[in-house]
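The next part holds the structures, each set out as structure tokens.
Two complexes, one shared chain (subunit A), two partners (subunit B, subunit C).
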Partner chain A sequence: MLPEPAVAAGKATRGWIDPRVRLAAALVYSGATAVWQKPESIAAALGFALGLAVFFRLAPGPVLRRLFAVNGLLALLWLILPFSLPGETLLQLGPLAASREGLLLALRITLKSNALLLALLALVAPLPFPSAGHALHRLGVPGKFVQLLLLTWRYLALLEQEFGRLRRAAALRGFRPRTDLHTYRTFAWLLGMLLVRAVDRAERVRRAMLCRGFQGVFFSLQEFRLNGRSLGFAAAVAAAVAACAVLEFGG
Partner chain B sequence: MHISEGVLSGPVLLAGAALAAAGTGVGLKKLAPDQIARTAMLAGAFFVASLVHVPLGPTSVHLLLNGLVGLLLGWPAFPAILVGLILQAVFFQFGGLTALGVNTLIMALPAVIGYGLFSRFLKGPRAGALAAAFGCGFLAVLLGGVVAGLALTFSGEHFLNVALALILAHLPVMILEGGMTALCVGFLRRVQPGLLPGRPSVEVR
Partner chain C sequence: MAAQEPIVALRGIRFGYPGAEPILAGLDFALGPAERVGILAPNGSGKTTLFLLIMGLLRPQGGEILVFGKPRRVEADFLEVRRRIGLVFQDPEDQLFCPTVIEDVAFGPLNLGRSRKEAVAAARRALAALGLEAFEDRIGFQLSGGEKRLVSLAAVLAMEPEALLLDEPENGLDSRTRLRLVEVLEGLAIPQAIISHDIDLLTALCDRLLTLEAGRIREVDGEALHRHVHAHRLGDRPHRHSPTG
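Up next is the complex of A and B:
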């Protein structure tokens, strides 16, 4: 049920790029792209994201599936927005008038969503989760938070198995989900049991951490090297964002 | 319930990120190093539980469970929910990076408010505890809808109708979440009262 990030978007390629640079690039690119309003600048940003997807050699199959899922939701906006936003009428369908403003807004949102998704898939998703966490720490995210993030990630698959085991046990006893109180009570109790076991395990983990000398400080042993090629990549991303900004604000 | 990327305006995203960062800061401050493992494990458990489809009439819904998260965690619900949303963005590409702040606020602010209002009743008399848990689960979804609605409306006034529809459409979910929260709190009172916040007025064990 839980895909490994690396499987979700192909192997982590271009390993010579410092993970810190990848994360920072994703933040800067996404933050900037979210602000763009003109279709030209958003389209340019989408073009750059496509370039990133090619550069990082993302597997086309999984990427297309992700894009398909997101664009399915966006199709709803295309049905609603043109008819709910007032403006210059482009198309008359009986009593419904599709406005130019509505279509433009739907187009903007669609291009933006695809650009942001592609950038996330290219820059962040393929990173091994632990090194992404350590990179976040080096970028100034508090150690406590990174620890929370990494521990949650570490135990996620285990908790999922635990919950699967509880659900299979219920299914063996003939439990079939329906819309009734019995179903809701069963789910609530399964959830309660999962929480009880999670906290039990957390206590064991806490003791194991204490045995290893945990004093509340998060140490990061991974070393990052800001090599020349990483800087080159950072410069390329900065140039692309700047180019989009010129399209947005200039001319 | 979360808002996809590309919909909200820049200022709204920025405000959401700032508020979520502030809440996360408070949550981290209140999170004793001793409690990191427990919080991480509960965050993972809630993440797993929220993937389950629960039947509701002809369709099925995902549980949000943010009311229960709030009741069990208090302020650290902020970092716990942010962690959950980051995992969701990386694993499933739901929500995405830019909407992370707003989406954290949508789920975590109601969780903390619910904690402040209702947590003191959970170890009191049974009927009151269950009513408080129901109220917390219900209110958490309702307030989440209000925060989401505000974010949409500040991004563009034409979203006001979408926002109202969003809140109305979640009415069955509010009732379901309230009920699930009450049932789960009832279970925990009997099985592991130590998990619930506050000092017991009656020894339930």
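Up next is the complex of A and C:
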């Protein structure tokens, strides 16, 4: 399921960049890109996202797979938008007329989606989840929420394992899902068991936390350094966004 | 030993889970200030329950719990117990809940009020003592079963407890790691109570061996233990032992 970033080429990301800078950059970049309307500025943003992907040396395979999935969905837009937006007719297919406005909109959405996906894959996906959580905290997200996020992440994997174990146990005894009452009942039992185990586990984890002196306050070990590289990176992102803005609003 | 006051003393403890038969029926138990006690008893006899009672995670229906010489009855009494006595859980999965190993091990020291720097230093010492230096930044749930067990022990040791309760600490460890564990426990000059199904481990480590029978503690014959140790140390081939030695 979620655990580790599938996209990052291990720890071999080019240099270390403060997770806060990565998150903030992702936020600013995606917010700005959502605003751009002109093809030039959108194309520039996409170009910058490609640059990020190259800079962080994303593994091409997983990136392409994700882009493929997103563009599959976008293909639907290309089928629908041009024929549903009114405007200057570019192409007449029997009773259907493809409008210039519709085509442009589909193009814009496609470019923006790809740009955002690439940028997020480069900036956010490679962050270990814990670092991302702590970075969110430093960026002002409430501590309780971050702890909830971290514990959820920690135990999602456990629940998944547990469910896998239950399913395997059932499969080993010859269970095969079908569309009959026996299947539904078995799945109900599996889910019920999963819930019971989750509650039981929660209680035992609470005990373990009490045993280690927990009294309601979480402390974090994470330290963030705004090193030169991080500051430089932040400046580069700011410059890129500014350049896009000039293209958008300038000439 | 009788002259010194025990670290942990249970008197006439009665306990049963709600809606079930009583498990402990008038149990007496004492852990002296300088001893290692082994507990070897069948599955489901109430060993884990006994440890949970000592830590105040369950409340007895009758009897008295004294820790560090003071009676412990309500939650507030047990806060001190939990800070000064370390419990290593039977299932390490329950004990590791932080994202990374170092955070998990530093969790206890931070709760004890140590600064971030001190907590990390204590965590590193504990990890090093178990040969786990390389695990600092690993993700907790991605460790192997044996690694999780060692990390959960490190997490308890990092709090520098004054006594240790270990619930099947050797479970799932290979023979080399087990030797390391024995060395570590032997090197700790604090009283320890060790639950285990491994009589070799207990005889190697413990001064006394107890068992649970019909909800009470019974001392196991020391003579038998002694002979067993010798028989074992002589043979390094695959062999079997019966629990009575």
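Following the convention adopted for this analysis, the second predicted complex is superposed on the first by the 218 of 251 C-alpha atoms of A that agree within 3 Å, B and C clash if a C-alpha of one lies under 4 Å from a C-alpha of the other, contacts with A are read in each partner's own complex, and residues count from 1 in each chain.
By our rule, a contact is a pair of C-beta atoms (placed from the backbone, for glycine too) under 8 Å apart; a residue touches a chain by one contact, two chains touch by 3 or more.
On a predicted model such as this, the values are computed, not experimentally measured, just so you know.
Undergrad: Does subunit B (first) or subunit C (second) touch A:31, or do both, or does neither?
TA: Touch partner of A:31: subunit B, not subunit C.
Undergrad: Could you say whether A:60 touches subunit B, subunit C, both of them, or neither, answering first, second, both or neither?
TA: In the superposition, A:60 touches no partner, neither subunit B nor subunit C.
Undergrad: For A:232 in the superposed arrangement: first (subunit B), second (subunit C), both or neither?
TA: neither
Undergrad: Could you figure out whether subunit B or subunit C reaches more residues of subunit A?
TA: B
Undergrad: When the two structures are overlaid on chain A, which partner does A:130 contact: first (subunit B), second (subunit C), both, or neither?
TA: A:130 sits against subunit C, while subunit B stays out of touch.
Undergrad: Determine, under the contact definition given at the top, whether A:215 touches first (subunit B), second (subunit C), both, or neither.
TA: Touch status of A:215: both partners.
Undergrad: In the superposed arrangement, does A:117 touch subunit B (first), subunit C (second), both or neither?
TA: A:117 sits against subunit B, while subunit C stays out of touch.
Undergrad: Report, in rising order, the residues of subunit A that make contact with subunit B in one complex and with subunit C in the other.
TA: Looking at subunit A, the two contact sets intersect at 3, 129, 151, 153-155, 201, 205, 209, 214-215.
Undergrad: Give the list of subunit A residues in touch with subunit B in this complex.
TA: Against subunit B, subunit A makes touches at 1-3, 5, 8, 26-27, 30-31, 33-35, 66, 70, 73, 80-81, 84-85, 105, 108-113, 116-117, 120-121, 124-125, 129, 132, 142, 144-145, 147-149, 151-156, 159-160, 163, 177-179, 183-185, 187-189, 191-196, 198-199, 201-203, 205-206, 209, 214-216.
Undergrad: What residues of subunit C sit close enough to touch subunit A in their complex?
TA: Interface residues on subunit C, with respect to subunit A: 52, 55, 57, 79, 82-83, 86-87, 89, 91, 93-95, 97-100, 102-103, 106-108, 110-112, 116, 119-120, 139-142, 155-156, 159.
Undergrad: Spell out the part of subunit A that touches subunit C in their complex, as residue ranges.
TA: Contacts found on subunit A: 3-4, 128-130, 133, 150-151, 153-155, 157-158, 161, 201, 204-205, 207-215, 219-221, 223.
Undergrad: Flag every residue of subunit B that touches subunit A in the complex, lowest number first.
TA: Interface residues on the subunit B side: 4-8, 10, 13, 24, 28, 31, 33-34, 36-45, 47-49, 51-52, 54-57, 65, 72, 79-80, 82-84, 86-87, 89-93, 96-98, 156, 158, 161-162, 176, 179-180, 183-184, 186-188, 191-192, 195.
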